[in-house]
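Here's the structure, in structure tokens; my notes come after.
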Amino acid sequence: MRVSIAGGSGYAGGELIRLLLGHPEVEIGQVTAESAAGHFIHSVHPNLRGRINQKFVPISELEPCDLLFLALPHGMSMDRIDEFAKLAPRLIDLSADFRLRRAAEYPRWYEREHPSPAWLERFVYGIPELHRQEISRSNYATGAGCNATATILGLKPLFQAGVVERAVVEVKVGSSEGGNSPSLASHHPERSGSLRSFAPVGHRHQAEMEQELAFFGKPEIYFSATAVEMVRGILMTAHVFTKEKLEERDVWKLYREAYADEPFIRLVHERRGIYRHPEPKILAGSNYCDIGFEVDETAKRVVILSAIDNLVKGASGNAVQAMNVMCGFPETAGLEFTGLHPI
Amino acid sequence: MRVSIAGGSGYAGGELIRLLLGHPEVEIGQVTAESAAGHFIHSVHPNLRGRINQKFVPISELEPCDLLFLALPHGMSMDRIDEFAKLAPRLIDLSADFRLRRAAEYPRWYEREHPSPAWLERFVYGIPELHRQEISRSNYATGAGCNATATILGLKPLFQAGVVERAVVEVKVGSSEGGNSPSLASHHPERSGSLRSFAPVGHRHQAEMEQELAFFGKPEIYFSATAVEMVRGILMTAHVFTKEKLEERDVWKLYREAYADEPFIRLVHERRGIYRHPEPKILAGSNYCDIGFEVDETAKRVVILSAIDNLVKGASGNAVQAMNVMCGFPETAGLEFTGLHPI
Amino acid sequence: MRVSIAGGSGYAGGELIRLLLGHPEVEIGQVTAESAAGHFIHSVHPNLRGRINQKFVPISELEPCDLLFLALPHGMSMDRIDEFAKLAPRLIDLSADFRLRRAAEYPRWYEREHPSPAWLERFVYGIPELHRQEISRSNYATGAGCNATATILGLKPLFQAGVVERAVVEVKVGSSEGGNSPSLASHHPERSGSLRSFAPVGHRHQAEMEQELAFFGKPEIYFSATAVEMVRGILMTAHVFTKEKLEERDVWKLYREAYADEPFIRLVHERRGIYRHPEPKILAGSNYCDIGFEVDETAKRVVILSAIDNLVKGASGNAVQAMNVMCGFPETAGLEFTGLHPI
Amino acid sequence: MRVSIAGGSGYAGGELIRLLLGHPEVEIGQVTAESAAGHFIHSVHPNLRGRINQKFVPISELEPCDLLFLALPHGMSMDRIDEFAKLAPRLIDLSADFRLRRAAEYPRWYEREHPSPAWLERFVYGIPELHRQEISRSNYATGAGCNATATILGLKPLFQAGVVERAVVEVKVGSSEGGNSPSLASHHPERSGSLRSFAPVGHRHQAEMEQELAFFGKPEIYFSATAVEMVRGILMTAHVFTKEKLEERDVWKLYREAYADEPFIRLVHERRGIYRHPEPKILAGSNYCDIGFEVDETAKRVVILSAIDNLVKGASGNAVQAMNVMCGFPETAGLEFTGLHPI
């Protein structure tokens, strides 16, 4: 199967290439980039030196292929979706352009009208752990926000069980989440060692969380995001207040039932050692979402922890996983890397 | 005034020496350490090379002095308090041994009976922003937990105003909070880059928070602590749910009234730039507590942010500030360092 | 083929397990550890959770296998080598115990007499780029020191060509090089952000460098090592003074001739971009040795740069590569991971 | 004394303000910045919040003052030097514009002719440890390159003694050395964790080193610079090959004679502990230059180590020290901060 990538010079694009190079069922067709067009892919993604000998092509030269990944900046896919749909029978979009079901949400969260609202219902919100069947029957999947992925996967069993009063979510994120465009905020002397509350309220990914956790009406989620010293990775800490007091065995039961068969979700809850809870650093490069918890014995509160690599399970790895589901490949194909320790 | 330090080889002890060396009103008498006794102070605190030519003495050789700082491991001051009180008319203790007013709390939070409960009421909880008058009239002050300091100072104006329904507090902390004893948890390859939820529930400092914020009964505070890649510093993020919706001007008013005259509290709330909210890294070495906030326009929620250097305002700087108040020195004496940028 | 590991709880042991789990030709037999015996492997190597369900066994319970990796602390393999040789027809040792050809070097560099000097000549110095044929014909290979690996591979083409007057080598290394035992030197608040000249002169790996680069007598190499803020990785910077002035094309020619067919050596020498020279961070987890250079136009000096992951090409990856050569497997089997960017 | 700063929005400018705020003999007049003109100084230097209430003014509004610091980008001071000289009787320039004595060096190292060559001889190369008397008699001092400062101070005693055959110098530097303009090279995901050989040959500061160490003709110095994970700080490692074998006592003697009375140079050479050699991290914010060494017993080689904070002793702190010497203030005035540990 021939797979191309529109928008291959960003961080998610680079990870897509890396993962697809190791995928037994596909070959990489074209990879587009505009300012880097004509340059070797490894000039932008130095880890791929010696692995791929192709050059970037401009998006105007994209040829038909069997599946097209869209890893373009937010707002570009929605403008050209009809064009892309003619190039490939299957599309997987990593941007936010088709994540929200209701067109009315776009002006609120993304400050613009959606130009192709009819396409919204054709796209499946492409996290296989949430919508595996729909993805397998669809030709169009959208990726999810990285913070939304960590949060939704971490909280779904509790919301689904209808036990949540409210959830207060704090994510800690690395600098790669901001993409590859330099700014004063990303300038190393400023960003290094920072603990920057860049979205104490009002983060866009909240729209996705509310959409995907709306089992019984709008879920009560309060979200904030803090940038920490890290390049890759997200740790979500959720203080979940429950309607009734939950015991440890209750929580275990809900999460085991939800995720026992998931190849990329690991429940992490140890009594000893220094890795008792999920830690994103050991997930760098892997597609795992590690989930853990701690019950507050003194209150109707459970603290849920989840960790992912924002560029893998939070972006490109999840997209490859969705492709595997969509195309009937083994779900873990190309996604076997297990992470490093120490790191 | 001659000031000695019992327990000068730890991180808080080192910072005490550094600050007292620059203090115009005191001279350093003895500094004790057990395993490092007989060695130069700069062999343990290399930044002090050339600044102090003394050697550590064992605690058994402590001589009378005008004021004695106790910077010993938790549990040692409470056992020997009568002995220390004979050596100096004024004591400032940095451990947890005299922080809690009620002796009954010690078995719960520190797993032991307090051996000298009569001393608890003699000690003032020594954060000047909370108890300036009592400190100025007392000869015994206790330091506060570093996480408690950041949390209490950040939340006090709201609790005092009686507007809080509940507060969910997440602190992110550096590795120096754990002290100077190596362990696998602090081993650099393991601790580096980590986002470790080391106290999702049940952190000891919660006892202090509840004690100091109990304006109208036990305050509803939910606390968790995460270790991040950093050596010094604490960022507290509190999601405060309020009984009524607060507007930005309401929050400003409460904080300005509470802290306008405080020399070490800065309100940080900018509309532009990358330092719009408090950031602990620019506080390294300084005694500031920076406090900021963001109002959630869609809910009865305010996010409060506060940042300190855990070894300065969270330990030794606050202790020097308490000494200044107790002894009638200018409150900022010895505490003028303003922090570095970039860092 | 059934492969066991003696000493699987260290960092090199963990990497061996990770690599062997992805190796198509082998299955992992036993993995030994002493204090962790009876515990799951993932309790020590958390990245392997869900990948391997075995527990560590004590070394006393080792059973016969087809190939035994020895990843024990220095000094343990040499004491028990006869015992290990009875357990497996093939041995690959990652310690320093069989690296030096001459027994007389051990007292000088490792402060003890070698107890089994007869074994020294049976072991091949197991860097395939240096001794591929010997490894393929031998049953006993020793790994190389990580700093030695980066240095020898970086400098061999110049020494082999006989053009070197002297080489001044500075390696910058991460904290994992020191192993997994905590100490004050590895305590995060001390080790973090450090630039520690831990071996300005007299590093043990110099013995290996001199041994392997002795094309025309003892090579003139001056070595020092500095610990930097990093967990994995080595960057070697060598100032090579040459007998005659070399031009850029001369250097290219020597390195291309030496390494054109090597699957794990990449020559990195770009005119533009920010990855013009080798960078260890993008090699984390990979078996590559990236090599680059810059000619000093004003002197008879060439600066050679080489980068590896100390735990992979500097230890376990190289050991797996040696196994592949020894056993006739494809040389890159199990070693396909290409590293991450950004990281 | 009224002191103004032309170019106060950069990192060196910010440090100048911080240091001058704590200086007992001066008051800060104006601080210029162009794009930040009209904004509060603390909007750019957040650590100064609450310490200075001034706003930046454009350089066109500079008024006469007693001493003017020039902290402008390279090339701006040389173009406007006559104008600045009319504003203040004393000038201290932190750029490279007046560092080199010979105008002919500017085209070679800075790619342009010097527009005001007559000014070159009026400026003293302003490192007090090198030219204290000249500074005290002059009204014009130039700062030194940060790498040059670390290198020259580290090597001068050996060159002065005439014992050096050649010196191979490797500096490791933090990201603040590159200034405050974002670029892909300084983008956190790329710069974080990097070990980037950004100047293996041909660094501009070599011109200063050769100028200042030319005791007996052009000194043989080979220099390279590597960027490491760090914001502030420089560690210089010099492999000095000597004409005759030096013993440890010889080296001690030379350095003690050279620096015994220097208030900002500390000799660091310990037999035990983890801070046996200079470490830049404990110098952050301080004006110290720590110097150490290790004798290679097997060769005519001495390894010299020196560490500074590139923004303090390598820039603004040294400039304040030069001002102190020039104006007859105590040399350490305003420069008492001793650095932090741990950090």
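To keep things simple, chains are lettered A, B, C and D as they appear, and every chain counts its residues starting from 1.
We adopt the following convention: a contact is a pair of C-beta atoms (placed from the backbone, for glycine too) under 8 Å apart; a residue touches a chain by one contact, two chains touch by 3 or more.
Bear in mind the structure is a predicted one, so any value in this text is a computation, not a measurement.
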| item | value |
| --- | --- |
| Intersection of the contact lists for chain A and chain C | B, D |
| Most distant chain from chain C by Cα centroid | B |
| Rounded Å distance between chain B and chain D, as computed from the means of their C-alpha atoms | 35 |
| CA centroid of chain A to CA centroid of chain D, Å | 45 |
| Centroid spacing, where centroids are CA-atom means, of chain A and chain B in whole angstrom | 38 |
| Residue numbers of chain B (touch at least two other chains) | 11, 176, 180, 184, 189, 192-193, 229, 231, 279, 342-343 |
| Chain A - residues contacting chain B, complex | 168, 170, 172, 184-185, 189-190, 192-197, 200-202, 222, 224, 226, 228-230, 233, 235, 237, 239, 274, 277-281, 292, 294-299, 301, 303, 305, 307, 342-343 |
| Sites on chain B touched by chain D in the complex | 11, 14, 18, 21-22, 43, 45-51, 176, 180, 231-232, 266, 268, 270, 272-273, 275, 279, 282-286, 288, 290, 336-343 |
| Of chain B, residues touching chain C in the complex | 11, 174-176, 180-184, 186-189, 191-193, 229, 231 |
